[in-house]
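Two complexes are shown next, each including subunit A; its partner changes from subunit B in the first to subunit C in the second.
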Partner chain A sequence: MKTIYQFIAVRFGLSIITLLLISFIVFSLMELVPGNCAERYLSFKQSSGQNITYQDIAAEEKRLGLDRPFLIRYSTWVVNAFQGDFGQSCIMRVDISTLLIPKFGISLGICLVALILAYSLAIPFGIISATTKNQTLDSSLKFFSYLGLAMPNFMVALMVMLFSTIYFGDTLTGLFSPEFQGAPWSMAKFLNFLSHAWLPIFILGWAATALALQTVKALVIDENKKLYVTAAKARGVTGRRLLLNYPTRHALSPLINSIGFDLNRIFNDLPIVAIILAITDAGSLLLQALVRSNDQQLAGAIIFLMTATIIFINFVTDIVLSIIDPRTRRGMLNQR
Partner chain B sequence: MSLVKVENLNIQFDTDEGQLLALEDVNFTVNNGEILGIAGESGSGKTITAKSLMQLNDENTLYHPNSKILYQGENLLNYDELKMVPYRGKIFSMIFQEPMASFAPAIRIGDQMVEQLQIHENISVQEARERSIQVLTSVGIPDSATLIDQYSYEFSGGMRQRAMIAMALSTNPQLLIADEPTTALDVTIQAQIINLIKREVRERNMGVIFITHDLALLAQTAHRILIMYMGKIVESGTTYQVLTNPQHPYTQSLIESSPDINNFEKPLIPIPGEVPLLKDRPQGCVFQNRCKKIMGEACRTQKPLTVAHEDGHTVACHIYHE
Partner chain C sequence: MSSTAILSQSQLIWQRFQKNKSAKIATFFLIFLISLGIFADFLSPYKPTIDGADKDYINGAPQLPKFWDENGFSIRPFLYTTERTRSIETNFRWVETVNREERRYVQFFVKGWEYNFLGITMDRHLFGIDQGQIHIFGTDGSGKDIFSRTLKAIYISLAVGVLGLAIKLCMSLMVGGLAGYFGGWVDSILSAFTDAVRTIPPIPLFMALAAFIPDHWSAEMRFFYIATIIGMVDFPTLSRRLRTHLLSERNQEYVLAAKLSGTSTFKIIYKHLLPSFTSYIIVDTLINFPYMILAETSLSFIGLGLQDPVNSIGVMLQNATKSDVLLNYQWYYIPTIFFIALVMAFVYVGDGIRDAADPYKVQK
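The block that comes next holds the complex of A and B.
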């Protein structure tokens, strides 16, 4: 059992190193964007008709600490970022954390719920579809999957909107009804949120379920053909015990491996769905920050948060993996 | 005393290319305390014969209604999954060619052994564990009290096959089916495993079906031999009868193609071609395409009958038909 703690420690160290590395790349990219925050800060003065001098810019740079060497600025940024402080937006002149964290929480919540839903449906139904002799059942699961895989998310989103407008006279867009927009959080607001959030969750979750279901099915069928399953049968193991303890248990490890990728994919799908459903999530904020306003501070913060999340999920799945399949531990610790 | 009797075993596989005959009129018995060898090239049907005894064949297998696998007068082929349980890992046990692949990789070896004991016997985890450690030690695994908590990938090839044998013997089976148990191992380890199996047969008076493609190995181990080709037993008899006085051209060819460590001069004559696919099963004698003694019309069109050459020695070849 000592090795499992060793494994967690090593794996945690690796995650931190990865995150530092990525934060460095993100910060360097932020620097590459032409112009700096001081210029952006001052540009509003110009738009209100005042003149800006080089001295003004230099003073502003000094105020923001932009005159310090690159590595110092990077380390300050990274230390603050790890504490959830991303400084001020260059354009909107507001604290990024205050602006971003709630939106990011909503994005993450939607993605995670979609992911959990997808896997908790895909695992049992994937196993059923891999082992059933009932043709109708298998075909309907296949139909459901192919539909989910073939229809692009934005199309499903548009279709749902169209139908709801025609049949319910409500567009179902946004995350809150107008009366809760901007209201402080309350039970009623939370319920109202849920009554709206199921839609993006459903849209994102469908495709994710379909994909995971096909993966589970293929993995279980594959494992079922292996000799250790026949050998277990030859020892008298039968029925559900055989199915769960042998092919299913061994199919889980590659499946858990794919969770990280899946979250990444859902994250990438969310902005488009969010735009159609008029939800401002962190992803659409990122697009806005990058494309419209060149807000490097904000963009950097969003990318940092997203990578941190994905690295964290991969960390967790690797730990789970090392518990159910000890072979994975060996590779990482490089022990015999 | 006869332990298991196989009568008229005929199986077909339901495939995309139709229903293909894979075993044809296989008949044999295994006795207590006896090692019965089954030999033949790859694809001859040795493994599917062995798996039939425990109904482990793939789902597309069709057993002919007249086929019988008799144990104490009962035809096991009539049994369902539930009734088969005691014949899987208790009365009969099986070990496979690939020791690595026959253990579930993510489950400790000990847990797999305890599971088997608990399925077949009313026994506590603690007792099952102790019994497992004891059997592991008896097959020559040192420090088995520690190794029992390891995974199969932490074992060497020879150790794995020993552990597999220990697992198969842990329930004191009456019949051990060993499907090429040493093919994947080094020769020195092979010798250890063979000696182990021979010792256990002597001590336990159990029957063994020993499958291999290596005739020299059978000369060392088996009391009787079946030579199999394309799902048919083409020759059978005592080891001495079959290996010193082979009657079937296939047996003769197999012997001619095997090396002899005491005779450097012996020319090795390979058998031309290879075992046909099931869908290319020939009419008449199944060996005709590769037979150096082929005689003509009868070989091409008629199935040879199995005739007794001498007491206990049978052969299925047209040469011996009057």
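The block that comes next holds the complex of A and C.
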């Protein structure tokens, strides 16, 4: 049996390898976008009236280092990215880190709260749905959770907007009231943020709840069939005590593993929900970078940051799980 | 004797599936919605593109046919004659005046625009109306009939799903098949790659891939490209399962026997190993189908996916976030009901089949 430190070291190495692979995929994607940064920036300048020649483009390419071979550019990008420096945005000509980090923080905050909301709903309702004898309750829980899976989040967002315009005359969009837009963070601004952010949190959380609920249900049902539960029943343990102390305790530890996956799902929906609800976070920045300005540097940085967060969460949850349940250590290492 | 007849695997699955009431209801819904999509051209009274737009009824409200009013009952459903005017008195907004005395009757199997069904050119449509046009779901900002567009959108969504699925299957079989059959370093490299792709949130990845589409591409090229990337990005889960399955199967004696008699690697994979996995592939395909449709819808909605004249629910909802639409033209949202029903039906049917196909499932 491997010790916990060995496990952490190996798992850390694996995370770094995955991250490197992803950075390579992301960087290649950025390269595949037709046109490079130099051309894009200069064509932007040209549209504002300056005359641009081929020499100018070549000079700009040299200045940005775009004339060097692919692998060298990739390694520079990766080394910088690991230090949190993503270079400059193609169009906006500002440092990506300074632009992105605060917005990414907001996104991450929204996503994590949505995740917590999802699990705090999914665990109790999943257990209820797995153990209830009430057929109507079970099928209505099933219906709601499937609805969460079936409705694309942007439709939920649209529906909420539709009803809120009809009934309240307000679209409930944005993250701050106008008076807090540029203000520094304070308690009042934070409260204002919360009063706006509940809607995206609710929308993102609902879909994640649906999935987590199914997982909890399946896990509890699986455990319920095992012999130790039957043995406990035979010893006369019944009711809530049986449920909470026997199947549930064991069923919930694998759930830790699905946190990373659920965060992936929430990130997935973030850009679209953000654009509908007019939230100025990393999600809408990504959409802007891709659709409007073709800003490959910025888009690459955002996708890289999102994926890095997921890998980090996966790393942490694996470690936590291996401490709670040492049996998982061997399986996790052999599986890869 | 017949009561103790041995049931085949598929008969057993069918028996268990029939016991699942919600899945059975969902199957009827699903068949109904799919046939709406397949017979879209026949069922829709007008062309879903700009050619079929009704210039006199822009942003028009849904017109529901009536059977009776104060002037009496009629077996044949009818609409009133309406006239739209706008002038300085109405503040330049379209105002409708309804003439309740003059009825327009709904006609069935009418001649309309020509379409192609299974290679035959036809021009019959299920219903139409005497004079003018009928729009049971209303019209959009350029006068296109929302009912016709909804049906066509169901068809397009199904087409994207089927195409994406085919590509996903090929991709998973290739990657998972190679990794599982060879094992060792081939497996390590392919699995690391699969895991990496699985970690990236798919919609941002789709967005990045869709951003390459050059502006001069036609709507049909976009359609194929979008279906391809949706299929390609979705391969990791199935590919992983396949690999794990093959890794455990490949050391079985029947594989060794095939190897010894000189069968080629690919033949072993596709003739001997894959059939043991077919039922899983079918179930997985059904369960994942709705997510392909969802991905396409989300992409089209943000403007990176399909574009007019190829239309899908996402394309139709692009304009629906405007406050003008939210306040005045709520019938833009009618297609979402069909869409949600379609996805829900798929989810329930897929779920039912999965439960039925699992021989170890204990009835709760």
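Convention: the second predicted complex is superposed on the first by the 274 of 336 C-alpha atoms of A that agree within 3 Å, B and C clash if a C-alpha of one lies under 4 Å from a C-alpha of the other, contacts with A are read in each partner's own complex, and residues count from 1 in each chain.
In this section, a residue touches a chain if its C-beta (ideal position, glycine included) is under 8 Å from a C-beta of that chain, and two chains touch if they have at least 3 such contacts.
Keep in mind the model is a prediction, meaning the values are calculated, not measured.
Contact comparison for subunit A: of subunit B and subunit C, C touches the greater number of residues. Once the two complexes are laid over each other on the shared chain, residue contacts for A:139 go to subunit C alone; subunit B is not touched. In the overlay built on the shared chain, the residue A:210 is in contact with neither subunit B nor subunit C.
In the superposition on chain A, A:272 makes contact with subunit C only, not with subunit B.
In the superposed model, A:219 lies in contact with neither subunit B nor subunit C. Contacts of A:253 after superposition on the shared chain: subunit B is touched, whereas subunit C is not. Look at A:245: by the touch rule set out above, it reaches subunit B but stays clear of subunit C. Judged by the touch definition given at the top, the superposed model places A:32 against subunit C, while subunit B stays out of reach.
The residues of subunit A shared by its contacts with subunit B and with subunit C are 336.
Within the complex, the subunit C residues that touch subunit A are 22, 188, 191-193, 195-197, 199-205, 207-212, 214, 290, 294, 297-298, 301-304, 317, 320-321, 323, 326-327, 330, 333, 336, 339-340, 343-344, 347-348, 351, 362, 364. Listing the residues of subunit A that touch subunit C in their complex gives 17-18, 21-22, 25-26, 29, 32-34, 139, 142, 146-147, 149-152, 154-155, 158-159, 161-162, 165-166, 171, 221, 225, 264-265, 267-269, 271-272, 275-276, 286-287, 290-291, 294, 299-300, 302-303, 306-307, 310-311, 314, 336.
Subunit B makes touch with subunit A in their complex at residues 51, 54, 56, 81-82, 85-86, 88-90, 93-94, 96, 98, 101-107, 112, 115-116, 119-120, 151, 153-154, 167. Across the complex, subunit A meets subunit B through its residues 226-228, 230-239, 245-246, 249-250, 253, 324-327, 330, 336.
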